[in-house]
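Note that the chains take the letters A, B, C and D in the order they are written out, and that residue 1 is the start of every chain.
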């Protein structure tokens, strides 16, 4: 199903080389002022064709809002945003040669002969553009409620940015990093990352990495004890983003080597509020927000589209074959993916914020 | 909401020290023979009070099936299974002292004064017993369809078991490991793990670890391209299991340091079937199963209940305090958690198997 | 799926002659005081075996609350209520002779050979007992919010009670009628109805009728413009009640013969509140509550279980046959059905009340 | 929420005077050939501005399919269809005068000051155009499976068409009536109905009526025993159609005056299939299809927009006022509504058809 959400509801659609892509967002309140320029700026951060470290396919990614928005304000009814595809070159895509690491084979098995294989069809990372639109809308609602979300590139190949401070991270750091088109805290590390990407590109290869996301201002008490845990709901959305293969909260994998004494976040009272000295749990206890910053990380795999020769199968002939993936591709998806993940987090947080009681 | 699932639907309920706990499972076909002894054996694997490395609270964990099951066969209507709580000692639980790492504070913020704080209430890992029941039911349906699921302890503290072979893992290895009450491939490593647990116990501390789960026999083509990806649906269920703080598929975090050339799983034809040489993607491309083994890992944090003195807050007085957590607790939850995760995977796979087309 | 609800969520289970029946209610707030005696009184209104106009099967219908309820208060986590079946006589039910008007054939087609055919299995009206439990719980939450729901028998066979006054109906009239075990406004008409039932019983036949339900105190603005309209959500729940074959709001079928001038409910201001002079729309405009009483009616068909000889099919032999339905049955389901519908309305209203914004 | 469906999923959006309206349909199989001309013909049946008995607002109602459809075939991924609004005259709509019978007041209470009041906004019957699009798509999938749906006007004002024969209705009768723009079985009655509409129009008034819908070819065994009954799911969708205030299955309201002997549909075997002599239950027993034609009726209220002077309230001033509703309106919505209901039934049937097992 193409839906996500309990309190807000998304419906996404579109294919890379079809007429257009888009999303319907339901469940927002009426009377929220939306700054369209800010939405466009967010779209621009994710948009393709903006630099030599991303795909050369250039798309305006201009969202047309068809409904739910009048006179600069939400009306409370569903907001539909659509984006026209303009710069499509389908000739590079061969229907029968399965691209390794891509969904060509699984799409064939699920949808059969008549799947849209052009540019990956509905599986294309291009479908994350509407998700960014929804996230940019959610962000403005969240900000009005005092909640801020930001993400940065924690790692690309072997280069690591400094991590967020899980206890002291604030709105200011988040808004600073989330304005950048190559979002890193330490821009020098960012330059090294870009070098790694260009090297991979020159080698007809690609590199992966990690995005780290933080949320401040979420009230305590949001989420559910079991099936609706914050982790369940956030991960289910983040794992919708193509290329994500790991999602971790707080200390994440680090917990495997910790003791309870080290892992537990002890409580204290400060200024009438309850806080924790450490934040290994990433702001979540028992599936519910505890008021500390929410921290999670997502691993993005290297772009599967590489121009090197790879072994594969011709699905029509059912025989072994070779492929050199053409088309215009990203040698690294992490920087654009970080923008997507930040915006997906905006959506997840808004959905959580509306949990009742 | 206490529900999970698209094609099968679970509803879970109960508190650690209440009358009972249970689950309702809807969406199973009628006419499936269920072997109750196998279900009981699975319950026994998770059950508390069976050894010195787990809690001393001893519960029969006998499930009474109230509905949907007549003459040894499913009827097709909802199956309700309930488990009575018998061995409860609530006096150890103090209402006002927040246990670090637990949900005491978040439960208070969500439910208020009248939450059931005894034994962690609805947040207790005890609530995973009904999940194991549901998984043990799902397992028998899956097995009849040729799908097998197994999990082992990959790591506790600093001791690592050998990982599953992601390409060649078979039904036999899975059924072998999934019969063990301390499920490891290398039993010598298992002994070392138990030592680590006993050491932690003697130090009034606890340790964490990693569970690894594999699925063989799932047909290609199950899952959805975006919001209903296999990763989204599996992680949303696995993150419902208390103490899980990271979920990773295939190469998982390893992708961050790989190149596309290394990460891509190249295809080949073998005996009229399409396979991949490697299985970094854990059997999932574009959110959909590709017919290779499905592999995922989950990190479980160290049990937060430790008898050492910890700093905390008295929520009634809103002042700083100290706590030594009493009650009967597990010095490590990983071995019992691995059984829970395996059974949760059974549920997730059955839900995926029923995806239409 | 055995689930209903957006903001509260029900999961129902059980068969007429199985171990027990029950329901799980999720989404209630914590800290709501529940008067168990009032719940029992409501169960008693629906319970079988209480008079000569209902089935002679006598069941205590005592609900055991397994979870979510401590010290007389809701905890905020799921409430599971179970009812044991005690007085079952399965020998009257023949597996292969399809009872006309019942679900024997459709159950066979859906679930196959292994359906639970005893007493109608999961299709039995007995499964409405848990629904009444859930409604009796919802009622107490609603009453605390100033919302009252009541229903009466509008018609049995050819005898009609006076209808509710759709404009002036108040909490007092509703609470009066909803205390009665044979809920009619005009008790003389009630006596006539009982005579019709006894006559039908003596003729080995049964009669149908209409229940009318009203709600006062619901704030304006609840519901949704399209798929989540009040009518959609209420009817989807009321149509879950066995034997209901028509659901009508406000003037209902009467609208077919009205003009717009007559049908429109004109507005006026009174004491700072907006009201309508008439209430043909049953308190709902555009799928959303307008603050006037919500009025709906449901038609219940005559009990299909009659002892007269009927033509049918032996499904095992696939040949024509005859049947005289045995077992203990109601010659009329309307009076007990009205209690069920009132309680289902409690649930629907609570779900609507929690619509956000 | 703007979603409907279990197995197929609709998301609807748009306002009467906004940029456009549309729908996303998910859950259809890939490889279904769609005849766009047939879809356009169905849109044309509902389209406004085609005759003197409907609104004079003329809209092309041309659907642009943005996704999920390539080379005349479905791809299996979501189909998004959008319709531009072109012929909007918003000046006739006054923001502050509440139109009786409309959703102006309830929209204000739900969405507040910034609702889109122009032309009724999201509450406009115009939003049924995308529903017809979805139904016309569903129809082609259904027809390929041997299922046919048709609807006719059973009644307008005091003029009644002959009803469908609930036992013998066939595909031929349904396809014949469902081609008509004014769908009646007896065209002479249709002429009388049109006269009633023109009379009402000349009197600045409007009239209501009843649509009757039949489905043949649905296999037995679809639906669910309780919350997912055929009646629950069909009524929840039909009640989404503006102006519907009653939904009845089979004998519907007639059941109230019947005895069990008369109401029960006795079974017989014919040609290896099980049928019923009568079809009072409208093809549904215990919430599940029994293989007989599915029959339901829906009452549509008279169009609330009438040019006569009516009493109302000025919501800005909170004082009593008068209104003469301007704009271009239908003096009767039943004929266009019948097309909408037929198409909604297509959707509901496809959703039911995909029930598993």
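As a working rule, a contact is a pair of C-beta atoms (placed from the backbone, for glycine too) under 8 Å apart; a residue touches a chain by one contact, two chains touch by 3 or more.
Note that the structure is a prediction, hence the values are computed from the model and not measured.
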- Which pair wins on C-beta contacts, B-C or A-C? B-C
- Distance-maximising chain from chain C - centres being C-alpha averages: A
- Query: What is the distance in Å between the mean C-alpha positions of chain A and chain B?
  - Reply: 26
- Counting in whole Å, what is the centre-to-centre distance of chain B and chain C, each centre being its mean C-alpha position? 39
- Once you find the CA centre of chain A and the CA centre of chain C, what distance in Å lies between them? 46
- Message: Two or more other chains touching the same residue: where does that happen in chain D?
- Response: 1-3, 12, 27, 29-30, 76-77, 110-111, 122, 225, 357
- Query: In the complex formed with chain B, which residues of chain A make contact?
  - Reply: 1-4, 6, 10, 12, 98, 100-107, 109-111, 120, 122-123, 127, 155, 157-158, 200, 205-210, 219-229, 231-233, 235-237, 239-240, 242, 244-253, 255-269, 272, 274, 276-277, 280-282, 284-291, 299-306, 308, 310-313, 315, 318-320, 357
- Message: Taking the touch rule as given, give the residues of chain B at its contact with chain D in the complex, in rising order.
- Response: 7, 27, 29-30, 76-77, 225, 354, 356-357
- What residues on chain C touch chain B, complex-wise? 1-3, 9, 11-15, 18-22, 24, 26-27, 29-31, 64-68, 70-71, 73-80, 82, 110-116, 118, 121-122
